[in-house]
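In the two assemblies presented below, subunit A is common to both, partnered first by subunit B and then by subunit C.
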Partner chain A sequence: MNAFLFMLKKAIRPTVAVTVGLTCFAVLFMIASFKSAYGDDKLYAACFDSLDEGEEGYNAARYNSEKLSAEDKEILDKADRYISTHSNGSVPPILPNEMVDEIFETLFGDSETAGSSQYQAVYGLISKQLYSQTFSRELIKERTEGYSRNIRRGVTDEYSLKIAELMMDDYEKVLEKEENHRERYDTRYANNFIGFISSEPISYIGIFLLLFSSFSAELQSGRYKAFKLTKTGAVGYSSYRIIIGILQAAVFFSVYFFALYTAVILSSETKISSMPMQYLSGFELSHLPINFGGFVLRIYFMKLSFTLMLSAAVMLLSMVSRRIIPSAIVCLIPLAAPAALSRIDISLNENLRQMMTCDIIGMNNDIGAINIGGSPIDVAAVFFIAVIMIAVCSAAAALILSGRRGFDA
Partner chain B sequence: MSVLRVEELSKKYGRKVALRGVTCEFTTGINAFLGPNGAGKTTIMNCISGVIPKTGGRVTLDGRDVFKMSEDYRRRLGYQFQAQPFYPSYTAHDFLELFALLKGMPKNLIEDEIKRVLEQVNLSENIRDKIRSFSGGMKQRLAIAQTIMGSPEILIFDEPSAGLDPFEREQFKRIMMELKSRCIIIISTHIVSDIDTICDRLVVLNKGSVVANDRPENLCGHIRGLIWKIPRDELELIPLKQVYFEDTDAKTVSAERPTPNAVTSEPTLNDLYFCGQLRQDIFTGGADK
Partner chain C sequence: MLELQVKQLFKYHIVLIAVIIAIIALSRVVGITLMKNDRFSQYMSPDTAVEFDKLLDSTSDMTLEECAEYIERKQTEAIMNGEDKAVTEAITRYNTELQRCFAVRGYRNYSRYGKGIVSLNIPSDLKAAPEKYRSYAVPRVVNSDAFSRYIFLSSFSIMPIIVMLITAVLSADGLEKGVFKQTNISAEAKAFYRAKEIMTVVFICIIYIADQLSVMLLSGVFERPEYRTSSVQGIVGFGTSAFRGTISQVIMWVFIRGLLSMLLCYNIFELIAKALSSLKKYIIVCTSLTALLSVSAAYMPALSPYMFCGITKISDVLYDLDYVKSLDASEGLIVIISMCSLLGGLFVWRRENNIT
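Up next, the complex of A and B:
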């Protein structure tokens, strides 16, 4: 145990360095990318506040967006017509100064009535967000009615009935929850946080930097032989190293994840953590009766378990490859695989694909259940159990391998 | 008194035979493997300690198979590698503390033990220095300190004098003399002066086989009368590959006077070493033939 604590103490410095470095980079990168996509926060807030509550607000945002788009289109069409009627062979005509001014004013002008492209983008964004917040309840009600209809029509498939029952229960809770939320939320940052965290590669880079040489460096330098001959032995040393590696990965990922979440919370002016998760764009029909804060915790545990599985796999490969350079190459495989799989079009069971790629959006935005033995089981629970099992198997394989390389198996 | 016995130990790397049924026995005191590079010294030490798996044979400690003793054997073992691996970013203290903890030493004894072993190898002043700043000799002394830390019963040193200056070599010998009364010490070397005055038992190896195995004085007895000093002007009378040089003398191994003015010489361990390489048959009674 004392040796374990000593090794743990020695692992603190690299863990802190990697965690702080990558977390700062990720937070800055995320916020910078959000800012550049959203433009002026004040303009957004002004437009958002100018809209009425409920469906009227959504309709107004949509109308404004479409109207501004039509105005933009009209002025550009006018310019096109001028060019086609005044062209002289292959030489395009020069637009009259007043038309150029009009185009600039319409597209880039500062007044809302002029229909600048900036306003159009803002209203487009608002209408997209308000859609979820306005119609999530209606969509869920429609779906539960569909389930009721199916039951009344006498659907006999046992699984369909079970899932209908389960979903109706869940949706009832969701509707109850939504009843208490009449507030309107600026969900830009929340939406993009979910998008960012579901596809970001930075946490994988952290795992790679922390763990790829965990065993290969010891094996290549010959230190492993020396550890093997101590009372603790190869298996004892390796088990300490694996536990420390898992802890390093868990600490890194937790700090990384919650730093990003904190940045999102601080950037959002409204209290998004208490809003129903169905208010997120694309999650209108999610059956989870939880708020955004709860949803963030759910994806934290899903991503954390996936990260721990990758960590165990990386350490196993580090032991198998024995030398630093080969292990650096081999360890990239499990880290790059989820991203590669999500981009390659291969025919896979959708649930399997979602789990293999840790697709937290796909696993949570609709009916998140898998048919196991005729019963619908929460996809997150299946995912969690599967990744923990793989992580345990990888760690056990690394330990067995370490024993075979010594005589203390 | 513990007895470490090696019986018919063999080791193959693919088709290459590194050890050919080596049998020998080690008791408390200083035991040395002497042989040229590639003789199998490191391989036999690695097999005895369990660093690498053996192909055949047995290694027992007081009759118990060491490979079945596992933790109990490792607890009693100290091993200094030919090229001891370090963490360059660690201090000498950190490095020794890690090994003390891995060896299972009680935490309250570790500080005193670190100070003791560093003092023994003359590194007390460097206790807080990073290993990356150490010279080759300092690293070698730190490796020796790591090996003797915790006072293991069996100490294995693979080429311990590599990188040590003459003063440090003598100091190493003094440490060995202090420990020999309570430890089985096994030293492998091709430098005869490392062990000439201290070793109690000598195993001469060549090409993976034991050429000679006895107390040094007994082995010297085998070659008494076979070692000849050759005058400089008679060197061309015998093939040069049969000649070896010691200090200012040119010598050869022969049952008969090799040159007209050659004179016999009292055998030393150095002569024993060259006999092992030039005339292995001497130790099996073939010298007179």
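Up next, the complex of A and C:
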């Protein structure tokens, strides 16, 4: 136990350094990149506040966006007609200056007022957000009606019936939840947070920095030889190291994740944590009867389990590669694999692809069930069990190897 | 002494050379595979490319108006003779590229004479920064596929990681083991360090040149002599670029920026290795630096041109360079100047402090 506590104490400093450094960096960059993507925040707030609640608000945003687009189209069509009628074969004519000035003023505005292109971007963004909040109920109702129709038509496939039953129950709860939330939310930060957390590489960098040398440094320096002579032994030392490595990864990821979430909550003006998760863009048809806060907790556990699996894999590779430089190269492979797999177009079962790349959006934005033995099982549960099993196997393999290294190091 | 260093490199670090070659080869294979499997490929088919090149040859010494007249005649002939798909595709592509050239000439004329816009795509800063467009050269129609392939393949270059690996093996490992302490007491120490420095810098340059040459050869930019005279504004996506030069000059700029970046990386990594004297800490610090700079460039592309030690997408670096009014030049000039001053400063400082 003393050895364990000693090792734990030694691991605190690097964990704190990596966690604080990467978390500060991630929070700053996430907020800065969100801000730069939104453009003029004041213009957005003014447009958003000017709209009514409910469907009228969505319709007004869409109407404004389409009206501006029609105005732009009108002037551009006029210019296009001029080009078509005055062109000399393939040589385009020079547009009159009045027409150019008119295009400029309409599209880009002047130094004091925003042009239609900026307003269009803002209203487009608002209508995209409000679409989920306005039509999620209708979309879910349509889908449940489709399920009931299929059942009435006599679908006999047992799995289809089971999934229909499960979904009807879930959707009923979702509808109940949505009934209680008539408030309008600014979901820009929430949407971007989900997008950011599903593809961010910073947590993988943290795992690499903390664990790539967990065994290779000891093996290269020859300290490992000394461990087998101690009371704890090589296997005991390795098991402590694996437990501490997993703890380091868990602490790092938890602090990192919740710091990002806190930054998002503080940046959003509305209380987004209590809104139904179906209000997020692209999640209108999700069957999960939870609010955004609950959804964040769900993805936290999914990402945490994936992180722990990667930590175990990195420690195993650190043990296998024996030396620091090779382990630095080899340990990058499991960390880069999810990103590489998500970009390569390979023919894989969709659920399997989502699990291998930790695609939290794909696993949660729709029905999200896998057919196992004729029963629909929540994809997140399958994912959780699979990654924990891989993590345990990797840790066990590292332990078995450590027994051998203990003798031949 | 230099000969000895080179011999040692090939004798003791042959695995390092093999690993580097394998990494470069792998990155090229991945790049080519992804390029071939791209569903939304904009590249011309080989037959269309042949026909397109014929059109380019026929119009090489014509003005834009003459080109327009020629292509119109060709279009009519193709319809009347019922030419095959490759010919019609080549004519359509040529016409599209030609319209872009007219549009760019329009921006130039508008900024110079206050009139001349011929297309609906008007840059938003045309009135605010007319200086940017004033000195544009009139672009010519070119086959831009090779340049697009060059940009795509360049995005798979992981040279900062390779430089980190080279410095780890040639310096950080030895510093941790205290090998250089023995050298310090030798009378030949100065010559040894000088030779080691020259050998490492030359080795990095050779690896970088090999990496870039492989990209250039595979993309086919060497087979396009017209790139030496055609303005970059004739390429899709570069119509309003702040760069004012030929396509070859842009490729050269990318090459020089990359080379200076690698030498900067080497200097910074060498300093880190010396300061820490621990291979593990060296890898942690250098990986953090490279990773954080790469992530910054990925999330905020506007910062890409300045992320010298990060893995950046060349397309982001090129597209995000802005126009600098006071210099009447593209930001690219500032990038190169800042890199040269940083690099010079680092070399001088390391030399004065006998850092190696």
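Throughout what follows, the second predicted complex is superposed on the first by the 367 of 409 C-alpha atoms of A that agree within 3 Å, B and C clash if a C-alpha of one lies under 4 Å from a C-alpha of the other, contacts with A are read in each partner's own complex, and residues count from 1 in each chain.
One rule holds for everything that comes next: a contact is a pair of C-beta atoms (placed from the backbone, for glycine too) under 8 Å apart; a residue touches a chain by one contact, two chains touch by 3 or more.
Computed from a predicted model, the values in this text were never measured in an experiment.
Visitor: Once chain A of both complexes is superposed, is A:C24 in touch with subunit B (first), subunit C (second), both, or neither?
Guide: A:C24: touches no partner chain.
Visitor: Report for A:F227: first if it touches subunit B alone, second if subunit C alone, otherwise both or neither.
Guide: Only subunit B; A:F227 stays clear of subunit C.
Visitor: Looking at the overlay, what does A:I324 touch: subunit B (first), subunit C (second), both, or neither?
Guide: second
Visitor: If you tally the residues of subunit A touched by each partner, is the higher count for subunit B or for subunit C?
Guide: C
Visitor: Between subunit B and subunit C, whom does A:F208 touch in the aligned arrangement: first, second, both, or neither?
Guide: It touches subunit C, and subunit B stays clear.
Visitor: Give one of first, second, both or neither to describe whether A:P92 is in contact with subunit B, with subunit C, with both, or with none.
Guide: Only subunit C is touched by A:P92; subunit B is not.
Visitor: Based on the superposed arrangement, let me know which partner A:A381 touches: subunit B (first), subunit C (second), both, or neither?
Guide: Neither partner.
Visitor: Would you tell me the residues on subunit A in contact with subunit B in one complex that are also in contact with subunit C in the other?
Guide: Common to the two interfaces on subunit A: nothing.
Visitor: In the complex formed with subunit B, which residues of subunit A make contact?
Guide: 2-3, 6-7, 10, 221-223, 225-233, 236-237, 406-408
Visitor: Please give the residue numbers of subunit B that touch subunit A in the complex, ascending.
Guide: Its residues touching subunit A are 49-51, 53, 67, 70-71, 74-75, 77, 79, 81, 83-87, 94, 97-99, 101-104, 107, 146.
Visitor: For subunit C, which residues count as touching subunit A in their complex?
Guide: Residues of subunit C touching subunit A: 19, 34, 37, 39, 64-65, 68-69, 71-72, 95, 98-99, 102-103, 106, 109-110, 114-120, 122, 124, 126-127, 165, 168-169, 173, 279-280, 283-284, 287-288, 291-292, 295-296, 299-300, 302.
Visitor: Provide the residue numbers of subunit A that touch subunit C in the complex, in ascending order.
Guide: The touching residues are 21, 25, 29-30, 32-33, 36, 76, 79-80, 83, 89-95, 97, 100, 103-104, 107-108, 117, 201-202, 205, 208-209, 212-213, 217, 324-325, 328-329, 343-345.
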